[in-house]
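The first chain written gets the first letter, and so on, giving A, B, C, D, E and F; residue counts start at 1 in each chain.
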Amino acid sequence: MILRIDRWQTELPPPSSPDPDGASVVQELLGGKFGEMSTLMNYTFQSFNFRNRQGARPFYDLIANIAAEEYGHIELVSAAINTMLTGAPLEGARPRNSQQFVAGGKSALPQDSMGKPWSGDYVNATGDLVEDMTHNFFLETGARNNKLKVYEMVDHPAARALTGYLLVRGGVHQVAYARAVEKLTGADLMKMVPSPRIPTDKIPECQPHIQRGDHLRLYRFSPEDYKEIVAVFNGPHPETGEDLTVVDHAPEGAPPVDLPPEHDVFAPDYAPEEISAIAEKLRQAAGLPKEPTGVVANNGGGLVGKVKDAVT
Amino acid sequence: MILRIDRWQTELPPPSSPDPDGASVVQELLGGKFGEMSTLMNYTFQSFNFRNRQGARPFYDLIANIAAEEYGHIELVSAAINTMLTGAPLEGARPRNSQQFVAGGKSALPQDSMGKPWSGDYVNATGDLVEDMTHNFFLETGARNNKLKVYEMVDHPAARALTGYLLVRGGVHQVAYARAVEKLTGADLMKMVPSPRIPTDKIPECQPHIQRGDHLRLYRFSPEDYKEIVAVFNGPHPETGEDLTVVDHAPEGAPPVDLPPEHDVFAPDYAPEEISAIAEKLRQAAGLPKEPTGVVANNGGGLVGKVKDAVT
Amino acid sequence: MILRIDRWQTELPPPSSPDPDGASVVQELLGGKFGEMSTLMNYTFQSFNFRNRQGARPFYDLIANIAAEEYGHIELVSAAINTMLTGAPLEGARPRNSQQFVAGGKSALPQDSMGKPWSGDYVNATGDLVEDMTHNFFLETGARNNKLKVYEMVDHPAARALTGYLLVRGGVHQVAYARAVEKLTGADLMKMVPSPRIPTDKIPECQPHIQRGDHLRLYRFSPEDYKEIVAVFNGPHPETGEDLTVVDHAPEGAPPVDLPPEHDVFAPDYAPEEISAIAEKLRQAAGLPKEPTGVVANNGGGLVGKVKDAVT
Amino acid sequence: MILRIDRWQTELPPPSSPDPDGASVVQELLGGKFGEMSTLMNYTFQSFNFRNRQGARPFYDLIANIAAEEYGHIELVSAAINTMLTGAPLEGARPRNSQQFVAGGKSALPQDSMGKPWSGDYVNATGDLVEDMTHNFFLETGARNNKLKVYEMVDHPAARALTGYLLVRGGVHQVAYARAVEKLTGADLMKMVPSPRIPTDKIPECQPHIQRGDHLRLYRFSPEDYKEIVAVFNGPHPETGEDLTVVDHAPEGAPPVDLPPEHDVFAPDYAPEEISAIAEKLRQAAGLPKEPTGVVANNGGGLVGKVKDAVT
Amino acid sequence: MILRIDRWQTELPPPSSPDPDGASVVQELLGGKFGEMSTLMNYTFQSFNFRNRQGARPFYDLIANIAAEEYGHIELVSAAINTMLTGAPLEGARPRNSQQFVAGGKSALPQDSMGKPWSGDYVNATGDLVEDMTHNFFLETGARNNKLKVYEMVDHPAARALTGYLLVRGGVHQVAYARAVEKLTGADLMKMVPSPRIPTDKIPECQPHIQRGDHLRLYRFSPEDYKEIVAVFNGPHPETGEDLTVVDHAPEGAPPVDLPPEHDVFAPDYAPEEISAIAEKLRQAAGLPKEPTGVVANNGGGLVGKVKDAVT
Amino acid sequence: MILRIDRWQTELPPPSSPDPDGASVVQELLGGKFGEMSTLMNYTFQSFNFRNRQGARPFYDLIANIAAEEYGHIELVSAAINTMLTGAPLEGARPRNSQQFVAGGKSALPQDSMGKPWSGDYVNATGDLVEDMTHNFFLETGARNNKLKVYEMVDHPAARALTGYLLVRGGVHQVAYARAVEKLTGADLMKMVPSPRIPTDKIPECQPHIQRGDHLRLYRFSPEDYKEIVAVFNGPHPETGEDLTVVDHAPEGAPPVDLPPEHDVFAPDYAPEEISAIAEKLRQAAGLPKEPTGVVANNGGGLVGKVKDAVT
């Protein structure tokens, strides 16, 4: 089971110019075959289905723990898409992805960049450990390829912040699975990294994360469990030679940006201030503080209390 | 983001007689339109896409928090399916779901009971709060319908323990969303509960959970966040009249059963003891304890150290 | 079984400026999850599968009768799309929906606005009456949401006439199903109407239909059957307080516009006048009148007899 | 638009021994690529999208009118499936199509015999008249092939009555479209009939319909329209040499069998008698007769008033 | 089994101005329901599944041999798409088909023009010879329709060269299957050709192929087999009256254009010259000639030896 | 383009006891994600889309040539399925895959073992050479896994002969792609072979092929091209240490078994002898020999001339 923390794994910029067509391309990183839904669900099902966990504990822990990190990635891609859609005009719109407007409230969908829904068919969880690790290494390679291309295609600040972060973290996972194969078979997959063969540090938006050392760290996303990841994730980084490290907790992350209502798509309502008024009363009746207890990056960014005028 | 805990939300029995065709039917509760992948992903995307969170905090917290619980549900359904497949003969098998063997290692797949992959198309996240709550109430109704039928169709102990638990927890979510609609619109959806109109307490396997009071409790699956769920989840239970309660932490749960290897499907390997030997060495090299650090229900159930003989 | 009437349920304007990208967005109302194919097929299958019809006759009659009306809606959405595509240039076209040209003859397809085919998976017909009515209420809510957004996105006269009409009629169905739930459970779903929470009478194109009283009327689409709809569809309208009424026949409707041939897509032929000549001879041989017996809004709009020059 | 008549186009036998696996095979005739959903929707969309209707009226009338008949066919296939599922035990069931139980209430689904949902992709409506007629001739050929095989595979009385009827009516449509091609191009497609090359009158269950002359008749399913079908549907039948005839109204058909409730799948409810009681009150309040106004084949077959004991 | 020849069936022009949106439309001819993947796979499976080959040899040979030609067609459509994508800027791109960039390296995908993957569902291989021939005749008709429309929509030289060639060859297949039906049933399908009813020789890009006589020829794509195609493919061409002929070998074709690397999409690498250097060494070690042994239309068009400067 | 040879790459046994449910499982090897349609189409599209062929010729040749071999594999899997279905009773059948009967004439379909159609989505052709080779190595690993399981599940002689052969040939491809990665990156993927970790020579049905040396040979499937495969496919076999060899032509193979007609599914006709009679006349008219020119394993196995009695 999981505990959820209402923070993002990294900061994303607040809404600026809307870019709906860019947002439709970023969908590939969410619901595409090589998107974050796929990395999340591949590793999640592999961990659920893992037989003989005690006997193969370091590998089980590795998969289960990376799965946990991926949940934060689908959150981040969704956030970037929602950011890019904020303020996009509905009237007269003919966007690449019309369903971001019509099905969602200017929001992210579990679809790829062509509007094809994510499919359970994208999950490979054979139970054969060598095969699954080989697959995961390949999956991270494909994911890296897609992120690099989306990086080039979409220069919206939210997309760039997103891809910069994901490239660094995906790079860590690629190394982790390569390491797992190495430990299991002796094959030196480190020589295959980076793949595609463009060094990660050439991407400006990766730099802050590299400088912080995030390209070397595997975080442990659990209060007590998955401690044996250290048995696999160790040794030198294939590109820099620095030591790979396990960090014994989740990253600190950042409070989410509270995106403003979009009343033309009824998100969260045609008259969002009415919802706010109801919420205020409910909070009061429940003995909660007058101000919302949630922590967000932009106090007042959303529609709290009487700030309704700002958005309508 | 999330933290992951290596425990199940409830106990499931260890493997007994395999029941692959039963396991293929239980898939409906995992990857079906009304299965747990759908509840998980609907609420997850609704929470990711929620605009004006501060203004509508109690509702955001409700959705985000129930989403967190659902992650534990896909884990449980997968575990039940894997349990039912344990020991199923591969030779000469003509199972309803051949891919549980051929694609997985006698394991759960993100598919429904007809082998159709779960689809992102099953997600409805419109951003319109009243609509999304209406949807979620309906989704829980459909889910309850499916669980009741699978309960009747499959009497394997793992399936019964699973459906007994899920019916109680799904019932709580149905009530929670009904409550949300009520708070937002004044419509008394409590009169629509239970739907289907069979009282939950008629199901024997629901009894232990009801007696523990789990039909009244919404657990808060977060160290610090989602505190405003109390503002929505309160008042009397529609069937029993007892008070609905928020529990300020996750349930204690139970350690997972470590399912034995199935070497005929190479899970985790054709010769699982080799993986165990590698794991042992890696653990040693990393300075970890000699015994695996993971906690499972059945020490020795899996293939640790020299106990290989027990399973082959 | 059905009888078919060669008229539209409401008037639509004749072709004006083509708007293929607009037409591609309107597809969501035809083949989308919440489009008219879905309302038609959900209610149709629910009526086919209805058990104990005599015992629950008023509800059976309600579903079966609304299903009949929905057939007319897929006809109208198709007509609007075809109208918007009339005269669209093929040469050099790079439309959002290329298949409206390549697969169809500038025509409507059973697809959504992203080109995804309508799927039988969109049908929910559980047989559980309370659940199906809950579903239908939700489905009409989702459909209303989609219509409102498409209304904003596409201002072509045919799209606006279409959405204006469908919003009023969908509103009636939303009320009808809410009423059914109310009769079955006592829950006052009327408080959830309208959903999304924008009053229908704010839409100018809804006005003529509201003024005619069409927001209050359920038509009976049958010569002799489905008479018990009056037992469910009654009481005050939730928005206006006026009485809901059953009209004991189908609406009068309007003759369809006969759209001109599009010879560059071979509809109905590369040389449509040859088809007309053949038709003329066949009619004569069969002893039919010299002029076509069909009634259309625009005599001569199509390519009859020698009027070919007008279109080429 | 349509008017709906609450009768079946032909009689089907009442429930006898349940045959769920047979019912799962019959699904191919409903939701398969060559099933009745396909014939219905192909002809329906072809008629909606028909350009230059006046100029090509006899052909438009033919397609539109056959589309109307097909609606009655999806009704009949559904009815046969529902009949075969009536009384099928839920407990312990491992049926070929689990969703007939889990998603439906022992009922028909818009799926094929492998559980794959019907898809809008099965519709071909190019607008090119010769091409569409060629397609329809081929579609009826494929449909005939499928019906002949399902006839052999499933000997349940409902399936046999169904296929016997559909083979005769499908044969008429095959001839009608062959005739249309012939009128348009001069090619004598009559030589291709029957296809597959087994004479229809070899099937015992076709005999009553052939003896009634139904293999020669095209019914006009409209109060006033589609009168020009006579201009295409004429001449000798390719197998028997008898004259093809147009009947100027719909067939008389038969009242539907009111299938009994299945309370284990909650159809229409876990306690169907409660629904009946509600219905009775509603009828009374609306000033309707005490007895249901609907006409069914089996008075009392369903659960009316106090006859509940008969079914439980 | 097959032997592969590294030549194209016809010449295509080298890259000129990129036209990604045009390329996305051409996809319909590759992965659409009526695209070349469909013709290839329909005939291939019909030949694999053919029962009683000796007894029906001329028909088996016809299908098997045309299947072989179709392989060359998917090659050509792919080549045209790749040509149109060559040099297309990645930065800032918002193309109709984003996956041509993100999933492929500016390359062709087994998808249609809306990005929907080609599906095995498009294959009809019933084994009934008359039915399959009827189907194939219809399939070629639909394919011709699509090619004619894509011809109009996309005027890129590669697309025009492609459609000009395919229209002529598809026309031959249409005639071949019509002939097969005629031989089997006596029906004179020649009267249905051409369909759509626009004469092929009106298309300028068809002229060179017609003048060469390719509209009359069926090539035999086999060293030794499929000799009985002459028994079906004979008689006069339905449009010109000239004699149909069998050519006893494959067409000569043309060497493929070696498309240049696209390093921004890593095709074949971020630094393609490194691959070339590796290749050079491998060739040397294997005792192969210094220059690549492959024959291409544009020596030096790709990145050989030191010519890297030309492309970066 | 290709030339087709009417022989199988290996012998398969003639029909014996039918095993339709076994045949439905074997479908996974044809139309599953890791089936032969996938290997064929992945390598085919990778070769079509290959940029800078001259510069990377040895790798291009490798992919293009293996693609050619895979065509023979879809032929063999289809043949095995058709063999297993021969003689299967249609009457009363309730097979796992009903469409093998209803859609096909007891024949193979481009579907997986659950009846899901093969999808173009299974193709990965990124153009990045290292990534594509990594993918192909993984794909062959998954394919080997599936073959090993199907081997265990289905013991029909045709299935065993098939899987025995495919395991050996797939093993060669796995080695070839591992070698390609090694040549490109230096990573020693040979250590990952075999994967799954069961030695191929433990499978009795692999023995004849291993003894013939087929586990070491890459055949060149082209009259003149793809000569540079020797530059990649060389060195010692990872399991046996023997030298890998390139054979400069296609394998000799074996004549296909001519499967008998199945008249209850109209393959090739309800009255197959009529087709034979037509064929005989056509052959004569074309000046062909009296006996069919095709070479099959079982003269008279099919229905030639007057031998019809043998099969009915």
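As a working rule, contacts are C-beta pairs under 8 Å (C-beta built on N, C-alpha and C of every residue); 3 or more make two chains touch, one makes a residue touch a chain.
Values in this document were obtained by computation on a predicted structure and should not be read as measured data.
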Find out how few touching-chain steps suffice to connect chain B with chain E. 2
For the two copies chain D and chain F, what is the rotation angle that overlays their Cα atoms, in steps of 5 degrees? 120
Pair with more cross-chain C-beta pairs in contact, given E-F and B-D: E-F
Where chain D and chain E are represented by their mean Cα positions, the distance between them in whole Å: 40
As a quick test, compute the distance in whole Å between the mean CA positions of chain A and chain D. 49
Tell me, which residues of chain B touch at least two other chains? 33, 96, 103, 111, 114-117, 119, 121, 124, 126, 128, 130-131, 145, 196-197, 265-266, 269
Quick one: label the inter-chain contact graph as line, ring, star, complete or other. other
Using the contact rule from the top, write out all pairs of chains that touch. A-B, A-C, A-E, A-F, B-C, B-D, B-F, C-D, C-E, D-E, D-F, E-F
Contact footprint of chain D on chain E as seen in their complex: 33, 116, 119, 121, 124, 126, 128, 130-131, 134-135, 137-138, 141-142, 145, 181, 185-192, 195-197
Which residues of chain D touch chain C once you look at their complex with the stated criterion? 1-9, 31, 37, 41, 44-45, 48-61, 64-65, 67-69, 71-72, 74-75, 78-79, 82, 103-111, 117-121, 123-131, 183-184, 221-228, 230-232, 234, 250, 253, 256, 258-262, 265-269, 272-273, 275-276, 278-279, 282-283, 285-286, 288, 292-294, 296, 299-305
Taking the complex as given, what residues does chain B use to touch chain F? 90-94, 96-99, 101-103, 111, 114-117, 264-266, 269-271, 274
Please output the residues of chain B touching chain D within their complex, sorted ascending. 21-22, 24-25, 28, 32-34, 96, 112-116, 145-146, 148-150, 152-155, 196-198
